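The following blocks contain the structures, represented as structure tokens.
In what comes next, chain A is part of two complexes: it sits with chain B in the first one and with chain C in the second one.
After this line comes the complex of A and B, so read on.
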């Protein structure tokens, strides 16, 4: 009997399968581009119109029909339009307030979310519910009591007090987002870290935080925009013009008798830009968070 | 170097008692397997040894030192999880280096923000890098060092988990069903690997599994648990040869021991109509006992009418090297299978292939001296532990 070489094990041929995404087949590529272009136009047009208005003259805005193309030559006068107000000071204030709100809110939210997710304690259900309940009360209802409280604590007319008040309103949402993210992480990973010598705080900072980063980014966006857009509390608490955030400053353009629309739009454009940049910075993380959520230890 | 003593451990979760008064002594260097079906309390027991779960009562003693109040880290144990529990955001190299880097942490290194930097700096130090390299080459992980766990197969992930346990040089290794998530071939491969690590390190291993093959092949001692109660604590050989009770008899072996009800008359048990010689070393009282015979201690032949039990072949399972034959005893033979057998078949293991076909009449003959006898009421093995030792090879 002769020895025979074993035949190679047949392997299945690589499939030339296209990913079947529902809905994907229904449209041809050009059609998809057309629809995307429509979407971009739809969401981009207000930004464009803001720019166009900012570069128009009041006479055009109130008199004739506004032109479709911006008067780029007026860009040089941009400074004058908004030069009368400390817009950059206001923007800086807004960055400080929104950034401070985000930072403080996230620190609390990670700690609170961890506790709500992993610990058993008396009043846990109540704590979770109360956090939730804060979202049911409108800000306007609480402005007066908080004003009274801040007045006696000397927190009025300062960005610190405003940040505190903002955190109170934005943190609960972040806590729930982060609690949900921690819930999804297998408990064993924490136990492995404990066996490897991590105390609780290090488990949280070295192991859990990197794993829930996408959710933290999502919470950061919500917090930052809440802080950036917040108007009511800022308008009520801060009287000094130099301490105004941009949202309050922007509103001051609206005069009783005369509103210079192009100045408002120029300022609004400047107000939008930092927020846009912040979103572009974190959006990649958020998108990766949507797809990479299913990491199994 | 650790000798493990567990004294009167019990654990309750609410109203459910998961572990009842468990005591065991495990010498240094033993490979103890906690074997049981799911819900037997074996994993809870392991977590109690590790310090991940507190016992409701009882003492855990590592070498004369009571460690009940010590954290897992202070107990100096390594734990391997069924789900691997690797750090998904770290590379294989960083995963393995993690415990060593943490060992170098001083108090202030734990401050958030600083800890991430400290882990990186310590983890990439030359000394640690050398240790990581030697451990990962030992487990064949060299080429994956820079991958993240998400890019590894199950077997590779469990190797990383083993490497992470190994690198710390702990006093004791605790493994919680580490192979359950792997396919059969990988399981056999890693079984060999773990036994090799046990020999190499000479450390105490406590290994939880529901797989009797893992238990029989790896253990130096097996504890069989059922509903939180120890059924038997013995060597694998003794557990196979002299199961302490009917539960162990049915749990160990594939197919398990055939159990049947046997009438005893004048010290002689009966197998259906067949009278067996009185067993050596056991005095059977007149009445009924449960008689157990392993499939390999029965032979089957196609001769009808010969001495033995008449029956009909119902199932044939050809495993290649040997064949399992399921025989239904003739009602006329008077043989009564034990009420808790899953099927009413008498399973016989035969080397090689058989000519018998399902439906054929046949005769089964027992190797009577290999039979086990259990109390009809309590299910306890009637043979004292010593006599069965004589049956062991060597």
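After this line comes the complex of A and C, so read on.
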């Protein structure tokens, strides 16, 4: 819980403070700018190249050198560009899968986070350990037995089964985030409601939940993008092209060049942009939530 | 309905708690299980049972087409694995991939954090650019890099061509495959290290820097005396996470090289997948998976032992 609260504190005016502190300078000025430029190039170039490829002419992709600058005029026929890839169908599937994963995962997480934060009970340590240890399990190890399990239950080749499997992987982190958030709410608020005769379910849903809404939102974003990005389970469970999420659909273009690459990259851009925007909005909480979730036992 | 009635009347003078103490007591005892129960049962069904089944599966010969119709073969899968060079190659690839990815990601990530902890113009934008790759979906990452690394038309060959180097098959030549996969992985995961270390750096009280400055300490001494001791625990935790995540990373490797060229990037998780869904041998796949799990657990145990030693040293 300390990891969760720690980062936001030193926010106010770090600039002024740091300018006055020569001891905090670990690099000389020119060296620093060279390193920063290298970093920006390393991190930024591949993204720029995705944009540049999406907005390139068909003729420049193969055989001759690809131009260094995007053809912005291609934005006008972006619709045609992505027309050769059924990306909207796949994105819709991704929304359904990610949305379902998020909803189910949050219901479990709010209930379990509440129990871990507010109750003392036998087996609490064991439950915490279960929630911690399951995060360590590699997807690729579980994919085989889950595949076997789903085959016998008839859950393969459907988005419902995929959501069920996704939740198992995303829920533990959410539980820790919600638990940390409830830990930070003073108990007196619930006590007042309890004295008024409120049942616990009511306290949780009408008193606590609104108070921890920011954390729930952060957990929701993490879940949504886990579901959005998930590839391995979807690729294994869903054979039908029309049911693929965008991750599996786009991956099917890697290494094959029947579909023009600028179309594929344009579709990939549509798949990437929502993730980037949401991430920039809630970055701070995602990072503290993730580390808090994975680090505590 | 019950929600509304129970919340609205402030007229309830005596709380129901006093009415039925024994019933209330019993309710108090079971209610935590009602809240924690669903999550625990869910994880048991979708995590614990599959793990147990996976381990059971590893003692059988089970074809993919009939996942529940395996025949027991005892330790056969394990003994075959432990005597096959392909398995050791896979283990070696996992260790090499993990070590390289973790070292570069932590070094570059922590270095970037130190750079970004200083004030300069455009810091917010630089930080955003360096952070973005972490949010790029893995499949999109693989798509971008497979195009950058493309042998005949990729931009990397265009760049090295200017330097007078001929076209290289970055993803198809055994000497480059691992490097290409590590580079892509570092690009993707380094921002997380940067963000976490940066958060830790920003929580160092500035008085500590003031004090060392008064003592006349240089930059390097300050780093050793103030900065490093403060961020070291964070760096250790993030290194552990990076290690565990690297051991189990699948998508980037599978999508870029599929375990090739010539099995040079055939890490354990990629190997599991290929055994299960290409060779259709679920039993052997499960055995590789189980050994991979042992590797992850070993890393975690070693980490906690090191932490304990560190704690003992400090005490």
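For this structure, a couple of remarks:
FYI, the second predicted complex is superposed on the first by the 199 of 297 C-alpha atoms of A that agree within 3 Å, B and C clash if a C-alpha of one lies under 4 Å from a C-alpha of the other, contacts with A are read in each partner's own complex, and residues count from 1 in each chain.
Throughout what follows, a contact is a pair of C-beta atoms (placed from the backbone, for glycine too) under 8 Å apart; a residue touches a chain by one contact, two chains touch by 3 or more.
Every value quoted in this text rests on a predicted model; they were computed, and no experiment measured them.
By the document's definition of touching, of the two partners only chain C reaches A:275; chain B does not. Of the two partner chains placed by superposition, only chain C is touched by A:44; chain B is not.
In the superposed model, A:170 lies in contact with neither chain B nor chain C.
By the touch criterion defined above, A:189 reaches chain B but does not reach chain C. Residue contacts after overlaying the shared chain place A:66 against chain C, while chain B stays out of touching range. Once the two complexes are overlaid on the shared chain, A:210 sits against chain B while remaining clear of chain C. With both structures placed on the common chain, the touch criterion links A:198 to chain B and to chain C. In the superposed model, C is the one of chain B and chain C that contacts more residues of chain A.
Legend: residue contacts after superposition of the two complexes on their common chain; A:151 is shown touching chain C, with no touch to chain B. Common to the chain B-facing and chain C-facing surfaces of chain A are residues 194-199, 201-202, 205-206, 295. In the complex of the two chains, the chain A residues touching chain B come out as 186, 188-189, 191-199, 201-202, 204-207, 209-211, 295-297. Those residues of chain B lying in contact with chain A across their complex are 50, 52, 71-73, 77-79, 81, 83-89, 98-99, 102-103, 105, 110, 112-113, 115-116, 119, 149-150, 164, 168. The part of chain A that touches chain C in the complex is made up of residues 6-7, 9-10, 14-15, 17-27, 32, 35-36, 39-40, 42-44, 46-47, 49-50, 53, 61-63, 65-66, 107-109, 111-112, 114-116, 119-121, 124, 127, 130-131, 134, 136-149, 151-152, 164-165, 167-168, 171-172, 175, 194-202, 205-206, 225, 228-229, 231-232, 236, 246-248, 250-251, 253-255, 261, 264-265, 268, 271-272, 275-276, 278-280, 283, 287-288, 290-291, 294-295. Here chain C touches chain A in the complex through residues 2-3, 6-7, 10, 12, 15-17, 29, 31-33, 35-36, 38-40, 42-44, 46-51, 53-54, 57, 62, 67-68, 108, 111-112, 114-115, 117-120, 126, 128-148, 152-153, 155, 158, 187, 190-192, 195-196, 199, 202-203, 206, 209-210, 212-213, 217, 219-220, 222-223, 226-227, 237-238, 241, 244, 247-248, 250-251, 255-256, 269-270, 272-273, 276-277, 282, 285-286, 289-290, 292-293, 296-297, 300, going by the rule given at the top.
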